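Before any comments, here is the structure.
Here the chain labels run A, B, C and D in written order, and each chain numbers its own residues starting at 1.
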Amino acid sequence: MSKVQVKKVVVAYSGGLDTSVIIPWLKENYGCEVVAFVADVGQGADELVGIEEKAIASGASECHVVDLKDEFVAEYIYPSLKTGAYYEGKYLLGTSMARPVIAKAQVDVARKVGADALAHGCTGKGNDQVRFEGAFSALAPDLHVIAPWREWDLESREECLDYLAERNIPCAASLTKIYSRDANSWHISTEGGVLESTWNAPNDDCWAWTVDPKKAPDAAENVTLKIENGEVVAVDGQAMSPYEVLVCLNEKGVKHGVGRIDIVENRLVGMKSRGCYETPGGTIMMEALRAVEQLVLDKTAFEFREEIGIKASHLIYDGRWFTPLRESVFAAAESLAKDVNGDVVIELYKGHATAIQKRSPNSLYSEEFATFGADDVYDQSHAGGFIRLYSLSSRIRTLNAAKQK
Amino acid sequence: MSKVQVKKVVVAYSGGLDTSVIIPWLKENYGCEVVAFVADVGQGADELVGIEEKAIASGASECHVVDLKDEFVAEYIYPSLKTGAYYEGKYLLGTSMARPVIAKAQVDVARKVGADALAHGCTGKGNDQVRFEGAFSALAPDLHVIAPWREWDLESREECLDYLAERNIPCAASLTKIYSRDANSWHISTEGGVLESTWNAPNDDCWAWTVDPKKAPDAAENVTLKIENGEVVAVDGQAMSPYEVLVCLNEKGVKHGVGRIDIVENRLVGMKSRGCYETPGGTIMMEALRAVEQLVLDKTAFEFREEIGIKASHLIYDGRWFTPLRESVFAAAESLAKDVNGDVVIELYKGHATAIQKRSPNSLYSEEFATFGADDVYDQSHAGGFIRLYSLSSRIRTLNAAKQK
Amino acid sequence: MSKVQVKKVVVAYSGGLDTSVIIPWLKENYGCEVVAFVADVGQGADELVGIEEKAIASGASECHVVDLKDEFVAEYIYPSLKTGAYYEGKYLLGTSMARPVIAKAQVDVARKVGADALAHGCTGKGNDQVRFEGAFSALAPDLHVIAPWREWDLESREECLDYLAERNIPCAASLTKIYSRDANSWHISTEGGVLESTWNAPNDDCWAWTVDPKKAPDAAENVTLKIENGEVVAVDGQAMSPYEVLVCLNEKGVKHGVGRIDIVENRLVGMKSRGCYETPGGTIMMEALRAVEQLVLDKTAFEFREEIGIKASHLIYDGRWFTPLRESVFAAAESLAKDVNGDVVIELYKGHATAIQKRSPNSLYSEEFATFGADDVYDQSHAGGFIRLYSLSSRIRTLNAAKQK
Amino acid sequence: MSKVQVKKVVVAYSGGLDTSVIIPWLKENYGCEVVAFVADVGQGADELVGIEEKAIASGASECHVVDLKDEFVAEYIYPSLKTGAYYEGKYLLGTSMARPVIAKAQVDVARKVGADALAHGCTGKGNDQVRFEGAFSALAPDLHVIAPWREWDLESREECLDYLAERNIPCAASLTKIYSRDANSWHISTEGGVLESTWNAPNDDCWAWTVDPKKAPDAAENVTLKIENGEVVAVDGQAMSPYEVLVCLNEKGVKHGVGRIDIVENRLVGMKSRGCYETPGGTIMMEALRAVEQLVLDKTAFEFREEIGIKASHLIYDGRWFTPLRESVFAAAESLAKDVNGDVVIELYKGHATAIQKRSPNSLYSEEFATFGADDVYDQSHAGGFIRLYSLSSRIRTLNAAKQK
């Protein structure tokens, strides 16, 4: 494949080893100007210190750091939570939800600086390449996309470090890195190391944020969430923005060892991978939202919400954010969330986040109906007729079969 | 509604207050012979002690105690587990799965004794009346069904006790019973009392079997399950029948406070109810089966299994066991379960049952594919083409929209 | 069941035999004032001539005729069409969609006249009782509902005619009526008579509106529909309101024998029934909308629209219009319909309505991509990588199975 | 990409221009022995005349013609029909269902002759490459796959003809071929030519088998199908094998212009294409099977069968035949088909195939229940209770909302 002609490329830059190599590599291999783009999705202040200088030192002509923290939580995470999406029953989609907000901001920077190409540092084996390029296809199909990891022949950290050293580009990266991690305000993921065998249990190194449940406080702690239209709007009586809610609940979750999962999942590219994910605040929020849904969704609506959750989980995971189907599925979830209002008390204890109290102005639960005794709305005599019609086709089927004999 | 003419009725008898009243009530109101039928689904030996004498003392002409423990686990629970069914995301369907096996055995007794009617002690507000009568419709639509709770005017425990006292029928039942419980080998449910307000947290009385996780051992305990075709066949290296597996895992789960849920659920009859359910062994099994599925089901198969799980949960909950749809859904699950083979180590710790190690001869996970470096099966250069086609419709859509402007 | 106390009831009145009996019956049996409500949903001017006088003559204190023709098509039919709903694969839901708009207007009249009850003339075996009462439950759970057909002991047309004759209430109804029909602007249904045996073919009497395809013109006729956001907005270049579109297309469809179906369907109340339905204009519209969808929906969106269509068909059929689930499902369909824009030429010929030409500004179809030869957007070399990853799990599964042997 | 080392390749050979070029091209470019494999899936005797000689003349060392006609209908089509699959609502999957049976037989030949590679003549833009290679991945991941169309630089029929002429390989292919066709016993497809613009109506050249409905007989013809377990086993009283049924019904369908569709569909590789498909006998069978399902499937089973149909349509279309998911979905359909027994009379008339009479020993339809009047199984008084519980959550929701104000 002959290389495309590129004048100016915007690269998603993290300050890590990979993307530090990408900058000089792009300049050498494409003969183009390279603009660094850094997305702040809450991955931590440490990772952003001095990042602009580092990008320039690596050869970037400019470095744009964009604060996406509020947008990420308010416009990507909160709508996703309304769908109840867990990928393959467990994963709260932390990396998946971050990719579209980053890709969109990267395209915005490309438009601003007049770039004709986009580059990312994702490997050729993962989901993220699909998520980035899926977003680019929908938002900027006119821009070229360069995925250095699928092009170059660098195959190890050592080769990457050598590459930088040969060019006198400073890099603090260490030679060995056992675990591969991805963090944002919602979650941190850990892959590699002992996790590569599914017959190994995770060890302490596999968990980066949360306290080991076994070392978490012996005393449980309660936290109260206020929910409006399927969104957490206050914690312990304090109104907060979506991002503030997440920061606040992360802190509590971390302390009590909440939100750890260890999963073998199906990647979009056809292979399986194993990861340990920590989503402390998110786990608390999901528990609270589901608890209110228990009160307000009727049987058929609840079932549909569960189906929507499965669909949404795949759409988000698969990098389908900017598609008509994702919008349609989310429109359905948004509609159901109108009734999801209320308060929930979550008990945090050694890895558990359990809704122990819940109430809603829209609750369909009624103490009167649930308990014994006559009432206006529910008359037990109705049940006989209900059951008779409900099971009528079974009755006909069996009677008919008897008749055929 | 005029009463039907009945000569001999088989009543599902538990030995409790309700069904003790039902026997004389049926005799007086239908002028018929009453045969008691007791299903042993593992609700506990205590509940069965002296039950035949009690039934006769209440006026039954015969009492048939049928041991359904093995059949219940092997033919109802195990197939259900392959579907991955959790009702409304949480409930492991303990009461729901027991009803069809009981109803079927009750019909068998009715055929044996030549009865022309069936009776049950379910109230007119619950799901169980639908489950029993749904099964009766499919298995014996020619038999009359009597549901005394929907007919009589007894409205309290006091009235029931008075009813028995007036007839000199001995009954050890107490005047007050705050919580309503249902138990079998799979689970125990608790409703009523403080649970009637969703804003009340469950208290100690709401849990009957399991140790409070806060009081569970500080040391975790591991248990290893061997799984074949989606069925747990051995525990800690010891081959066991399905029922034995359940008994063994219940014991471990109880000790570590595993399997508690507190849920507000949609009843089939249109109202919501709240219950605390304990499913200690079942929770361990579900975790183990799902863990193997992570290894062996590909992305599309996994998604279908999740959808099947939702469908199955409603079919089981809704008393649809003996229907063509239930059979069809289970056939799909059975087919997928052929690959669900392997071993799982579950860690039990203060309410948690976590799969920490898992392996399968059918595993699609491969250390080689998942890690960096070239390999035969997966070539990173393939990814570029994959992504391009995968996102082609997004690309066309946006290019086209641009052209329209 | 003791009768409820009612002062003023609004009855859905059609001018037919049943509802003519209901007015005096309600007065005699409930001792209440009876207000007649007539919904004009396009069932035909004939049916409305002199209807107010007839209602008063039957004993109604007032008669409100409400024109719902535009609302029915614009707010019930058009949104439903976006979902692509065919009940059980065939039925275009003509009666089902009319019930909620009628019930809603009936409740409005009840509020206006200060009534405390609602009545309808649906039998106890059909779906319409559920649709009316389902709507009443959601819109006016505080009002009593009276369903005379489930209460009285009149069992034949003869008894109904005698009932009126005894009271000197004039009625033009004939003693025998072989077929039962329901009409509105969208469709006419025919049940009974020879249709009662599924082994009888429909005869000429089973079709009320459409020309027999065998007697339809030998020359085909084309009609062009313009579609915006999933709604037909013009016919043959002429902009029209939804109701006008329907009237115009009905005329063309009737002439060419379009829109006949003969179906055995599952009623909501557990039994099956057979009907012949004619939906001439609607069948043309559905063909046109689906044709544009072929151009604009990508593979995953198309599949979801099909699933949505099944769900919507049941919700509409089952009288679930005024529920959160119906709203959610329709929100999803509405979202997808944003791209459904274009023109379609439909050929009408002896019962066929076939889209023979179609185009859309949002079309994802491209002559360039579809034909041979190189192009920018699609590079054949991409396909190899795509396929490799697309089938990777199959490859791994089989390789692994071989390794196990 | 460097070429793989291959010794002996089995190529799916049709005798057409493309695959005639492929034989010498493989020999020259891979230096390997080439074995021709011809699948007889009922594409017509004409296409098979002298095909072995032609293959040898083109340079094949051997030519294996395998008769798959019975296997194709009995083991691929018949099971698919039970799912009710129509791809994107219309397409009866004629080409899709043929690919796996061909690929499987091709692998069998490869094993027999000891080949180490497989080749096919599908282009890089279509679905068939995915279907072939998807099957190869599952059945023979150890064999190399060569797809010449994605490798060579021949871009037109002229270049292909020149290629053969230069090598003195005889070929009767014409220089121009406007339409591209694919046929087997189930269907024939036509693409290209005027169909390339969706705004063109199909012309006479777009239809290869069926009589134009406008020129079909003025007299309708009836045909009676006997169905057992979801399979057509006899036509007009004559027991037949699946393949014989198809041949017989094709003849009738062709005469009456039955089974034409004109569709723009989503290809698996992300683009849309347009085709005219003719499935005369298949259309008759589908109508008959659906007609029996109307009689025997209850409401919930029918809905699931519709969902299964959508899923199956994608799995078949997408080349997923040899996957656990396809097997699971088909197991569900197989289970439901147990009740699909009966007789159906289909009327054939100018493009219509309409079930006009139907009956089944498993029919849930009952004249008695459907008509007016009292009966044992259905009591109208049951309906009141049914409706009350059925709409209970709506009632509670609205009452509750009123209370909140």
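Keep in mind that, in the parts below, a contact is a pair of C-beta atoms (placed from the backbone, for glycine too) under 8 Å apart; a residue touches a chain by one contact, two chains touch by 3 or more.
In UniProt terms, the chains line up like this: A, B, C, D = Argininosuccinate synthase.
Model, not experiment: these values are computed from the prediction.
Enquirer: Quick check for you: after a Cα superposition of subunit A on subunit D, what is the rotation angle, between 0 and 180°, in steps of 5?
Expert: The rotation relating subunit A to subunit D comes to 180 degrees.
Enquirer: Measuring centre to centre with CA averages, how many angstrom lie between subunit B and subunit D?
Expert: Centres of subunit B and subunit D (C-alpha means) sit 41 Å apart.
Enquirer: Report the inter-chain centroid distance for subunit A and subunit B in whole angstrom, where each centroid is the mean of the CA atoms.
Expert: 32
Enquirer: Two or more other chains in contact with one residue: find those residues in subunit B.
Expert: 266, 269-271, 297-299, 323-324, 363-364, 366, 369, 378, 381-384, 386, 389-397, 399
Enquirer: Does the chain-touch network form a line, ring, star, complete graph or other?
Expert: Looks like everything touches everything, fully connected.
Enquirer: For a test of understanding, state which residues of subunit B touch subunit D in their complex under the given definition.
Expert: Of all residues in subunit B, those touching subunit D are 1, 266, 269-271, 297-298, 300-301, 304, 311, 320, 323-325, 327-329, 331-336, 338-339, 381, 389-393, 396.
Enquirer: Which of the residues in subunit A come into contact with subunit D in the complex?
Expert: 298-299, 361-364, 366, 369, 377-379, 381-386, 388-390, 392-397, 399-401, 404
Enquirer: Using the touch definition up top, name the residues of subunit B that touch subunit A in the complex.
Expert: 88-89, 123-125, 129-130, 133-134, 137-142, 147, 149-150, 155-156, 192, 196-202, 213-214, 218, 220, 262-266, 268-274, 290, 294-295, 297-299, 302-303, 306-307, 310, 314, 319, 322-324, 345, 347, 349-352, 354-359, 363-367, 369-374, 378, 380-384, 386-387, 390-392, 394-395, 397-399, 402
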